[in-house]
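Next up is a structure, given as structure tokens.
Letters A, B, C and D name the chains as they come in the text, with residue numbers starting at 1 for each one.
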Amino acid sequence: MRQPGRHFLQIPGPSAVPDRILRAIGQQTIDHRGPDFAAVGQRALDGMKSIFRTRQNVFIFPSSGTGAWEAALVNTHSPGDRILMFETGHFAFMWGKLARRIGLNPEIIEGDWRGGADPDQIEDRLRADRAHGIRAVCVVHNETSTGSVSPISEIRKAMDAAGHPALLMVDTISGLASIDFQFDDWGVDVAVSGSQKGLMLPPGLSFNAVSDRAMETAKQASLPRSYWDWHDMAGPNKTGYFPYTPATNLLYGLNEAIDMLHEEGLDAVFDRHARNGAAARAAVRAWGLEVLCNRQGQESGVLTAVLMPEGHSADAFRAKTLELYDMSLGNGLSKVADRVFRIGHLGDFNDLMLMATLSGVEMGLANSGVPHTPGGAQAAMDILKANAA
Amino acid sequence: MRQPGRHFLQIPGPSAVPDRILRAIGQQTIDHRGPDFAAVGQRALDGMKSIFRTRQNVFIFPSSGTGAWEAALVNTHSPGDRILMFETGHFAFMWGKLARRIGLNPEIIEGDWRGGADPDQIEDRLRADRAHGIRAVCVVHNETSTGSVSPISEIRKAMDAAGHPALLMVDTISGLASIDFQFDDWGVDVAVSGSQKGLMLPPGLSFNAVSDRAMETAKQASLPRSYWDWHDMAGPNKTGYFPYTPATNLLYGLNEAIDMLHEEGLDAVFDRHARNGAAARAAVRAWGLEVLCNRQGQESGVLTAVLMPEGHSADAFRAKTLELYDMSLGNGLSKVADRVFRIGHLGDFNDLMLMATLSGVEMGLANSGVPHTPGGAQAAMDILKANAA
Amino acid sequence: MRQPGRHFLQIPGPSAVPDRILRAIGQQTIDHRGPDFAAVGQRALDGMKSIFRTRQNVFIFPSSGTGAWEAALVNTHSPGDRILMFETGHFAFMWGKLARRIGLNPEIIEGDWRGGADPDQIEDRLRADRAHGIRAVCVVHNETSTGSVSPISEIRKAMDAAGHPALLMVDTISGLASIDFQFDDWGVDVAVSGSQKGLMLPPGLSFNAVSDRAMETAKQASLPRSYWDWHDMAGPNKTGYFPYTPATNLLYGLNEAIDMLHEEGLDAVFDRHARNGAAARAAVRAWGLEVLCNRQGQESGVLTAVLMPEGHSADAFRAKTLELYDMSLGNGLSKVADRVFRIGHLGDFNDLMLMATLSGVEMGLANSGVPHTPGGAQAAMDILKANAA
Amino acid sequence: MRQPGRHFLQIPGPSAVPDRILRAIGQQTIDHRGPDFAAVGQRALDGMKSIFRTRQNVFIFPSSGTGAWEAALVNTHSPGDRILMFETGHFAFMWGKLARRIGLNPEIIEGDWRGGADPDQIEDRLRADRAHGIRAVCVVHNETSTGSVSPISEIRKAMDAAGHPALLMVDTISGLASIDFQFDDWGVDVAVSGSQKGLMLPPGLSFNAVSDRAMETAKQASLPRSYWDWHDMAGPNKTGYFPYTPATNLLYGLNEAIDMLHEEGLDAVFDRHARNGAAARAAVRAWGLEVLCNRQGQESGVLTAVLMPEGHSADAFRAKTLELYDMSLGNGLSKVADRVFRIGHLGDFNDLMLMATLSGVEMGLANSGVPHTPGGAQAAMDILKANAA
């Protein structure tokens, strides 16, 4: 049966794609070896540097974000290399699993899935690694499974304090273009991202930002690679081309997205996500529910993960909300499956869409028989109206 | 500066066009005299009969709704003819003005702009017209300027009670496909509609539904006409064609819209609008404001017109709401200019979009310094969650 | 069954709509009374002045071109007024029929349907009208049924030579934006056009360009009118708005079309149509067939009408060509029905599309058993390659 | 400067994307973990089986075709494995280079780049490999750089005749959905394909069809892999889901493409490509030029590669043709750079588009001063009109 009106896609990515980007993607494919393509490719590569805030290197893969995770590791490592990872949640865990699959030796710092990576623990481990056997420190910027943000700049400082030469590798798949990320200023060596979150595109493009130092490292790294090879990319990229057929139509959309982000202003984009995150958390608290992230200052502007009251199924609530209000919410993953639901408030989003979203959660809670205090949407509105954009 | 997220077009039409319809309109134009066109045209003509709920005649014009007002009158009248009109609001007034412009002699029953047309008054006037000089009774089904609905079926009964042969002509531009309308069962002779309201299309198509009796009348009516001539249309329409170039791409969209309405079910569409209207009015009352329509049972499910507190400008409030929350609300027209604002909740719309809309109004009132009691959105939510679709 | 590849819509309008325009039309409808609309409306009105090459007045109607014919007449005449028309073909005939339908008294100069309107005959008639009872001279610029062009500037000179005050009214529905038209310099009083030809849009918008003198005439003209009234339009148009709901999405497309025409340059557009017309005629002659227009210098760059050999059905040939080659050609109208087919080469078109078109005609002739000499496409190619753009 | 009319993208892929597919791709992204996605995913996976003509396994990657080359090799091999490859042209060469990059040991049978892979030579090599050290035979079905087709079914027979257990791996990136390919009946073990050729999509999806036997082999193969792992895919695929975020919007397009191919009928699609290829070769011969593929029966229906007369630059000719006629042709690659140009006639294509293409080549040759006999387009037309679809 037809559902009237707009679907609310409030998972923490893919985010709803703005019409302007869908129209850009709908342009006719052109010859990726012809003279007109160079401008398309160059604009995308330069534009992504402005989004990563780097003057170093950016690579664009026709793949989903998972591919860029793999690219980050295979370009910089040799079989058996040790890496240090911090398990902030499900996605940090999955990156570690991938590392093992391709023959690396990850050492995992376990977290409680309620906050970002801890610079102090990282520093301790690195200090203990006197032989500098650890090749890289891998952390997730915005952990999509928990709604927590890792303090990347602090982690770099911790690494420097430990005097350790490991590369700093950051998954900012769901952070980039929604919350502050400064590749160069924060001293990141490899960043991983994807198209379907803050960049507002459909899935299908992934990104690596790469420091000059990591490019050097790649020359020695011996893990087999071809599709993901940065140095193979770097040559053709110089003139705006790619070594194999790029996802041309998604690049059209990417260029539109970059323009849109700069039209609004990256800082305004970050402020908007912060304000919407604050309003969402106010709603959760007013309902008498608990936000999963319990580290002050590390709560995400991208999504808010909410703990269900004991004895109630998050998935049953999500299914009911989808049925009655045509809104998709994110599920709890692995350790928190069915105990958590996640409210995405990222990408091409605004205050009224947030109010629709929170109203849908509040009505869904009521229709699912989940104990809560009505008034969360009202509490969010109080914050929004006091902080109009 | 770019506004992030979706614009909320909450004027009482044009309503936001669903992507499915925009994509249908975006198909390549075909030969309107070629063999493939017949299916397009026939489907549109038959489909509109199912929407008007008639087995009689439907005509489609490449024009806005104003054109179909003119078509209704020029096909059925001769210069100087008398017609009876009921001024339910601005649009009823404008139809009367048009009638005078083309040489008719409208007699206007004045209304207070706070309810639908009154069958009793119509009956009285018709009884008084013993010579049957009045050729038509013209009423507006859903008065877009006030949010009031006229009881069309009661008006037909009143005309029959008076034993008067005038044609019953109904403007259902903003009513059709949002609130119940039954051309045949209610005994309407000419209905006027447009594409950009309940039909969810961009503006550019207008419609007449015409009874067989009105078709007969048209044979004698001597007002000059060509573009709007029903009988010129009727011939080519028999095989799905048009006498002059139709707005082919909008017809693609119309066929998609008709499918969408039947997929949801017309009765479900009407229930949805009624439920959203009730929730909107609950919000207005909770804010301590007044709904313009004050006749119980005649409040519209299409829009809710709201009276501003004395001394406050509706237009200033609308401008502020547009600026801060990227939502367009309808203005007060002529007699109620700047004293009324109108909330559109028609077309491709749902509960969460309504919550976004009412939240935007509530925040806009706050940010404009309009005295009100917060909690309107909450009151609407109470109604919606108790009446989930 | 699915037809692979692109359909070739080679009727003389609607012309195939470029993707860029379809995407523009696919943008979300906005509030036509809101602040953002003014720029859309103003750009369309100013842009159309640049296309008509006028500094006087332009009006845009949500209607097909037929509506703008009616608008031209009802704004400038009173019941029973005499007008002089030249029957260059079917469309000139139809305009005359319309004039009679709305109560005018057209005097028709018959033509042989093989050339444009004749200035000398017009001059003679006007000289004979010593009482200046003729209110307007109406001619078709590019006669879509025959592929002949009337010498508008010469007609104005003939009218001036006759010292006659009649208005000069020109149907340039299929001429505008494809062949040279200069409203101001040629002294035209009212021009009529439509969206679906040189303007490359779907049907649904029509246009009047109006001289200041014709605007004055309109103040006295007493034919009843409302939808088509220029003076009602002129007020709101001053700030980019319209008196009734405009066809907003088609206006988006119109603005894109105007940009595209200026990007190519109007003179380059005219040259392109002229070159393609010359190549098409070379093909027809090489096939041993006859071009309907037999006045040198009046052959159209918009379409080429071709006489079938005696005893062969143009419609059977067109049906076969559509079936085998997925190409729509224009039919012969009224007097030349089934004796003529028309090749459209207008709008968003280029040399290779013309070669596809002419190859399709040549193969269609062969597959229909129509006697002809192969080599027409080759003859066209000789002209095109010698005159590359 | 704006180029009027349609661009002719006549490279051998990406092929021009039909509007229907662009519109499908332009639908809003949905939750790839939600209940509605399963139908999208299942339809794509099942549909691709019907295109590969297999009942075994199909995998879809968000990547370009190069990725699926890599996937085919990393799933089935261990470091240092020997494979046999036949260098039919540039793309066979590149696949071999990739194999070396990831640590395999390819043995290359050199070809002259003017025909398909030779079953006899393959049989000889396999017979000589008594120890069955060769793990796989890799051939290109339609060699995009030369326009030659390898006889896959004959190669399987040769392998069987040699009694060799190697897997048969086939790159049908540019062959699938344009020329006959029968995965099961021909005994292929792994097929590689991409979205941007016969499937008519933009680039960004790649495919592996995999025999049950190859799936078993994958369990032992030890090359490191994660993104490309078939067994990771197989689990979620069972219910229509994917282990990581799929390229949802391209899947919408894929489903539309599969429908379109079946509406036309795969056999009709293959006939169409064969007929267009024959016509293209007739044109080349009439111009007095040489078709690169010189093995009768192995000429491609997908593209025609043409040798330039000695002393003339293919790239200069291509640039001039692009400039004057807005048509992109394929360049000669590596060994035949600047000596060959390639005419793509694949995907959503028809007879009139071919005539446009060949006319553009003929005019481009003339305008570039390349010696040739005019009449090639005419020769093609003779073939097409004698073999109307």
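Just a few scattered comments:
Here, a residue touches a chain if its C-beta (ideal position, glycine included) is under 8 Å from a C-beta of that chain, and two chains touch if they have at least 3 such contacts.
All of these numbers come straight from a predicted model, not from anything done at the bench.
Within the contact network of the assembly, the step distance from chain B to chain C comes to 1. A comparison of the A-D and C-D interfaces places the larger number of contacting C-beta pairs at A-D. For the pair chain A and chain C, the distance between C-alpha centroids works out to 54 Å. If you average the CA atoms of chain C and of chain D, the two centres end up 45 Å from each other. Chain D has its Cα centroid 35 Å from the Cα centroid of chain A. Residue numbers of chain A whose C-beta contacts span two or more other chains: 19, 23, 26-28. Of all residues in chain C, only 19, 23, 26-28 touch chain A in the complex they form.
Partner chain B is touched in their complex by these residues of chain C: 7, 9, 11, 14, 16-17, 22-23, 25-35, 61-67, 70, 79, 98, 101-103, 194, 196, 202-204, 223-227, 229, 244-250, 322, 328, 331. For chain C in complex with chain D, the residues that touch the partner chain are 1-6, 8, 19, 260, 263-264, 269, 272, 324-327, 348-353, 355-357, 359-360, 362-363, 366-367, 374-375, 377-378, 381-382, 384-385, 388-389.
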